[in-house]
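Working notes, structure below.
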Amino acid sequence: MPTISTTLAPELAVGDWFNTPAPLTLAALRGRPVFIHSFQLLCPGCVAQSIPQVQRIERIFGHTDLQVIGIHTAFEHHAAMSPVTLRAFLHEYRIKHPVGVDLAEEHSDTPITMQRFALRGTPSSVLIGRDGSIVHRVFGVEEDLAVGARIAMALSAHIPDDATNTSGDDGGCSGGTCEVPSRGAA
Amino acid sequence: MPTISTTLAPELAVGDWFNTPAPLTLAALRGRPVFIHSFQLLCPGCVAQSIPQVQRIERIFGHTDLQVIGIHTAFEHHAAMSPVTLRAFLHEYRIKHPVGVDLAEEHSDTPITMQRFALRGTPSSVLIGRDGSIVHRVFGVEEDLAVGARIAMALSAHIPDDATNTSGDDGGCSGGTCEVPSRGAA
Amino acid sequence: MPTISTTLAPELAVGDWFNTPAPLTLAALRGRPVFIHSFQLLCPGCVAQSIPQVQRIERIFGHTDLQVIGIHTAFEHHAAMSPVTLRAFLHEYRIKHPVGVDLAEEHSDTPITMQRFALRGTPSSVLIGRDGSIVHRVFGVEEDLAVGARIAMALSAHIPDDATNTSGDDGGCSGGTCEVPSRGAA
Amino acid sequence: MPTISTTLAPELAVGDWFNTPAPLTLAALRGRPVFIHSFQLLCPGCVAQSIPQVQRIERIFGHTDLQVIGIHTAFEHHAAMSPVTLRAFLHEYRIKHPVGVDLAEEHSDTPITMQRFALRGTPSSVLIGRDGSIVHRVFGVEEDLAVGARIAMALSAHIPDDATNTSGDDGGCSGGTCEVPSRGAA
């Protein structure tokens, strides 16, 4: 049966989690659309623009099965943005959705999830469809009208029959950068 | 065959048109989603909030077949908001989409289209689906995320087979307030 | 006795007045600082920026003897911005300070007060000191910090001994454009 | 000789300084107006409102002898807001004026400068006159028009004859809270 070719999202690589009783995985969320917000707590554009937008998304789509996840993708000032500081930041900014700390890689300033998704910087966002594919990925903040339209489309998509049975589907990606051959072209 | 009951939108009642070579009718637009913006040029909330939102809608959805229509629904200060003033207003605010002047009724301050759609005041907006039904109607300005989501859903709806053959479909509504038995409860 | 050379403000030339029981003149206001706001009701920058700033000025300096005056200096779309429309505009935008309609001149689109003060367009503002001189004149909207600083300085200025006895002081200017030899250089 | 009674500002108590080659003291700044901005890097109101205002103050009054000083008055989340994090914060937010880290006191969460000035929280600001007295002190962010007016008045004040010879003037205050008998009433 012919299918439209899509890019299956790689799995998250997270150390500490906040605002969730248990770690989250995209594999376990298959069947639901997921909005991933990549940010750094000392990134002015994140604080002024993307975090307020994510909070609006939570409010407007709170009655749906959209899952919002923040990933703290520190790629600079690592000592300045420790989990201790992140915890206080989430408290002060009233961020209630699950936030994971992107896992550092030994020989790189860029943490692993950020590498896997080939994110250019912060803020970035990735919208993942019910089938686990990347619907949209963007560096910067898009207008609410466009973001709302994309989320609505992702929410309305039919759930494929095997959507909740995805064991091993993204195994090939667990090693890292397989989806994005050329980082520079991201 | 059972169908979901919907409210067919009444027809527009317009005197002068601006920014269009010919008058528009909802009947002729059947098959396309339509975003109707009801405003008054001396309404502060229209100038500060809803008109900028409509202009964002035009920009974000300009590549789709959404039709944006402004209706100048003056229900007060009639002498102050004549078509001469409206024409200059549209020029100064760079409003390029079709705008119709809601038709006055002899014995009422509220013009006819405003009555037909049971609009409570300005700004208001009405989203009409491809099948000619009212998808959403609201007094005031909603958040862009929600507006974008609704427009996306209206755009994605399948066009019913007979969508472009709608002669007479809304004839019963041409008399006015049939859809809204109690104006005060709108 | 040597004095610092200053530019005495020309007199206002106003037809209809709103929000005042009697016409205002700068001559009669000598001794008080005056903030003149030149606007047009169909000027987007006036509605979005300068009118809100003037309303902030009224609120912050309401306990002082600063006099705020609006002058409706229509230099285009004259038929669209009649006094009838202006009256409704002032009502809808909750403008409570005195507003005068700049007097039209027979052979010019630019009204007389606008010419006398050599204003380049709308919005413009003119700050007049206690001695009747022009302290500052600007086309566009300046930052509140700077505007607040200038008004504070104008308020703190000592009133010259003869400040309230100014009969004839600005007689030479009543004819019009004497202060501004070259309009184009304004 | 009778003088108007004023509240002499207490001295700053600072550990690390950033953006200055040498520590600053109010004693050494006597003769110049000083705008002190008390903030915390994880305080949302500081990031969204008061820091942008301070940067506007720097721009508008940059040609004057006003001295702007930031004091990082952390009174909560101390581990989360270390000097390492503050240094990165100042870099990312492009803060160029001198910033001092308020000195912690052994048995209090509230640091010493914050106690001396009886600040209620962050953001706060203190405007100090040329004579070293406190002109204005406020918790929260005031409107730019009012802030601009106050700074202009502080700038225009005559420098008292002995303003630059202040050795010992504020010695009585170096111990701490002498100016503010009742902290609770601040």
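Letters A, B, C and D name the chains as they come in the text, with residue numbers starting at 1 for each one.
Operating definition for what follows: a contact is a pair of C-beta atoms (placed from the backbone, for glycine too) under 8 Å apart; a residue touches a chain by one contact, two chains touch by 3 or more.
Please read all numbers here as calculations on a predicted model, not as lab measurements.
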{"item": "Steps needed, at fewest, to go from chain B to chain D via touching chains", "value": "2"}
{"item": "Same-residue or different-residue interface between chain A and chain B, half as cut-off", "value": "same"}
{"item": "Angle (degrees, nearest 5) of the CA superposition of chain C onto chain D", "value": "180"}
{"item": "Between chain B and chain A, distance of the C-alpha-averaged centres to the nearest whole Å", "value": "38"}
{"item": "Euclidean distance of C-alpha centroids - chain A vs chain D, Å", "value": "40"}
{"item": "Per-residue multi-chain contacts in chain A, two or more chains", "value": "none"}
{"item": "Parts of chain B lying in touch with chain C, wherever the complex brings them together", "value": "42-44, 47-48, 76-77, 79-81, 84-85, 87-89, 91-93"}
{"item": "Touching residues on chain A, where the partner in the complex is chain B", "value": "56-57, 60-61, 143-153, 156"}
